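Across the two complexes that follow, subunit A remains constant while its partner is subunit B and subsequently subunit C.
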Partner chain A sequence: MTQRLRETARRLLQEGKVQVVIGYGPSKPGAAAPPVLITRPEDADKLEWNGRCFANLAVYLTRKEVKALGKAAVVVKGCDEKALVVLEKESQIDRAALSVIGMVCEGVGTPRAAKCASCQVRVPRFADEVIGEAAQPAAAAPGPNGLDRLMAKSPAERWAFWKTEFARCVKCYACRQVCPLCYCERCIADKNRPVVIDTSATPKGNFAWHITRAFHLAARCIGCGECTRACPAGIPLGLLNQALAQATEEDFGYRPGMDPQAEPVFGSWSPADKEDFIR
Partner chain B sequence: MSAAIPVAALRELIAGWIGQGKLVAAPVQVGDRLLYQALASAQDAVFDARRRPANSIKEFFFPRHEPIFRYRIEGKEIALAEVAPQEREQIVIASKPCDAAALPILDHVFNWDFEDSFYTARRARTTVVSLACQAHDDACFCTSLGSGPEDESGSDAMLHDLGDGQFEVRAITEKGGALFPDRAGKSGDTPGPSCRMAGSPPNEQFDPARVARYLAANFESPPWKDLTLACLGCGVCAYTCPTCHCFDIVDEGNAAGGARVKNWDSCQFPLFTLHASGHNPRAVQPQRQRQRLFHKFLIYPRKFGTVLCTGCGNCERNCPVGLGVLKVLQAIDDEAKRLDEKEPLQA
Partner chain C sequence: MTAAFEPKIIAYVCNWCTYLGADLAGTNRLEYAPNVRILRLPCTGRIDFNLIVKAFEMGADAVLVSGCHPGDCHYTAGNFHARRRWMLFRRLLEALGIETERVHFTWISAAEGKKWQQVIGEITEKTRQMGPYEAYRELCVGQASACLAGSVESEAAE
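Moving on to the complex of A and B:
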């Protein structure tokens, strides 16, 4: 697969179809494969594909340093690709100008990341080129996740859980920076005239930040889990997003990034909506 | 004299210190991470000479959030209230030598043109007991900076793991020895504890002097962009770094009053240099990465005679995209070597 990936990247750069290929590079033993941005055909051999390709590279598509390089090709797993669907719906990418190299994925990490156990998108669905063949069938339904265990607790226990978890947050904003859907030019957490969210890494400031982050991703988060992976304090941030994703699915039958035809919950209106106020 | 101390006895000592009202911090297992935390119980301390916590001990000297004074607004009057520097005694135990070594480096800047009394009070009231290191990973590079797994810099005492749950302790300062009455040996005692490194210490992977020479001559050069374009601009490297010490000062409160506080800040955030006019002199991420390395390996050494880095490798280990000081400096060192061979740079 790595060989075919390199050939594809080289060809796209040689033909001038793209000016940059965003992929994974060689990693040190046991470490996550670091993202690389390849701009010369002769550098295509730096690309790698293996079970440590965790990062969701869609995050680079909205960054101004990367946009400045020209047209891009991006290497995605099936799960990452969902972010492209949302980004296109939100008019953040021009899908026609983008080349998508989809990698068939049997899961990442040793042991496998939790999200991989019930993966329904091992084969990317909308890529311009798909590399690899699926060895195992896609899961029929999303499997259990840590959210079930958390929601089985009482509200008081959940409050205590998050208080302990957020106490470790140092406000490095890795959760925001790795998120392919946190693309705001200026985040509400960075608004300082006046300050909207306390910048202090205190219980108040941390709750304000994490609740805001989760709500801004409601009905948008595609569950790639990068926020949890990136957190240096080991806070399972993805659980907050999963809770909102579950509510979105239950109330609106919508799963972000799954169906390119489906209208986003916040970008559409239907007389069948449950709440009266909107009619 | 020095005797082997079983880990149970270390825990008894810790329980005693906590009982005396001291804040005792040590590595603690939290989920899949090892993190320095204030101990609720002596049992939580992890004495593992082969693992590095994901954060650093700087938090106990330079907290992520610290009020420096409080204010109350009553009508047209504003009443200020001093916040006293911390009085509480602290002990950091089982710290990595690469964390402790950051303290003498930080002392320079916190006592430079202005003495930060909050930092110096904590520093004076804290005793640091390190645990000599016995393993390294691919992100470690202490030896490239003249340090090493048994570096005593910044430590008041050092534990050496003898195996089988036994430790030898060596006093480095009087304060460190006082924590282990009749049980501490002295720094440099012979025969030394057999260093049970799993494998050898990390190789020297770049030459900091050559790197500094290159930086001084190559502010605008293409490698910066290539090496750092993948940086996503979070603060993980800075916030888990034992030596990064930038902070922001903000007022937090409401119409009735509040506090002026010091909060950690990072040169990796666009907001760090954003002017009120909207202009940002460091407009893109590679410029911010360059700043971080310049500060650590050129500006700080010029000012204070020491690099602002201990080689702990936390930046790379914690970085969501696997960047970090080591990778970039190795590439820069290679480039500097290549240029040196062509035409030696003047120091």
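Moving on to the complex of A and C:
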């Protein structure tokens, strides 16, 4: 697969169809594959494909520095590709100007990342070129997970849980930087007139930040789990997004990134929306 | 010496319906609990979830969000957009273990001064029974905006 990936990248660059290929580069054994930006055909051999290609490379498509390089090709797994669907829906990328190299994925990490157990998109669905062949059928419905365990607790226990977790947050904003859907040029957390989110890494500021981060991804998060992986403090941030994803599916039957034609939950409305909580 | 607990309630209301409803309650001399602080915004669609968080940070014991009934929005659909947002936001609060019983949503029209009086009365009573929102206040201990939390008690003492 790596060989075919390199050939494809070389061809795209040689033909001038793209000016940059965003892919995974060589890594030390056991370490996550780092992202690389390939701009010359002779560098295509630096591309790698292995079970440690965790990163969701769609995050680079909205970066100014990468945009400045010209037309891009991006290497995606089936799960990462969902971010492209959302980005296109939100007019952040021009899909026609983008080349998507889809990698058939059997799951990443040893042991396999939790999200891979319930993966429904091993074969990228909208890629211009799909590399590899699916051996495993799509996974069955997911079993009990961290979210179920969280929601089985009482509200007071949940509060105590997050208080302990957030206490480790140092506000490095890695969760924001790594997220393919956190693309605002100026984040609300960086605005200081007025200060919306207390900038210090105190309990107050941490709660405000994590509430905001999670809710700005409500009905948008594709569940790639990069926020959890990026967190240096090991806070299971993805749980909040999962809670919102579950609510979105229950209330609106909407799964972000699955259907390019579906109307997004926010930005539209229905008179039939439930309001059992409103007096 | 601490006075009896009086809840501090922040009400975010829309300019076109609930604010006028509260105004009507006033012009009709309907008496309602003085625990509520009204903050007027253009529309429920404008009420950012961060405002709710902010209210708790500043020592609120309960928050009320209120606007026009569905179909009555001055901007046609602001309240419909807001309704969707609150549907999901409540679920996030639940996942975090924030007490959702302290966050209230109502539709109160400009003609419903009576409803405003009742809603405020009920929320005040309910919050009084629940007691101060210590869990959130603890997060803010030692920080500038937290000192506002004490102001209700000191006002009551006066």
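In this section, the second predicted complex is superposed on the first by the 268 of 279 C-alpha atoms of A that agree within 3 Å, B and C clash if a C-alpha of one lies under 4 Å from a C-alpha of the other, contacts with A are read in each partner's own complex, and residues count from 1 in each chain.
Note that contacts are C-beta pairs under 8 Å (C-beta built on N, C-alpha and C of every residue); 3 or more make two chains touch, one makes a residue touch a chain.
All values reported here derive from a predicted model rather than from experimental measurement.
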item: Which of subunit B and subunit C A:R122 touches, first, second, both or neither; value: neither
item: First (subunit B), second (subunit C), both or neither touched by A:C172; value: first
item: Partner chain in contact with A:R10 - subunit B first, subunit C second, else both or neither; value: neither
item: Which superposed partner A:D198 touches (first subunit B, second subunit C, both, neither); value: both
item: Which of subunit B and subunit C A:T248 touches, first, second, both or neither; value: second
item: Contacts of A:G234 with subunit B and subunit C, given as first, second, both or neither; value: first
item: Touched partner set for A:L37, first subunit B, second subunit C, both or neither; value: first
item: Those residues of subunit A which subunit B touches in one complex and subunit C touches in the other; value: 198, 202
item: Complex interface listing, subunit B residues touching subunit A; value: 30-33, 35, 54-55, 64-65, 138-139, 229-230, 232-236, 238-240, 248, 250, 252, 261, 263-264, 266, 269-271, 284-286, 318, 320-323
item: Residue numbers on subunit A that touch subunit B, as the complex places them; value: 27-37, 55, 59-60, 63-66, 168, 170-174, 176-178, 190, 192, 195, 198-202, 205, 226, 229-230, 232-234, 236
item: Subunit A residues touching subunit C - in the complex, by the definition given at the top; value: 150-151, 153-163, 188, 196-198, 202-204, 207-208, 211-212, 214-215, 218-219, 239-240, 243-244, 246-248, 251, 265-267, 269-271, 273-275, 277-279
item: Interface residues, subunit C side, partner subunit A - complex; value: 49-50, 53-54, 57, 70-71, 77, 80-81, 83-92, 94-99, 104-107, 119, 135, 138-140, 143, 146
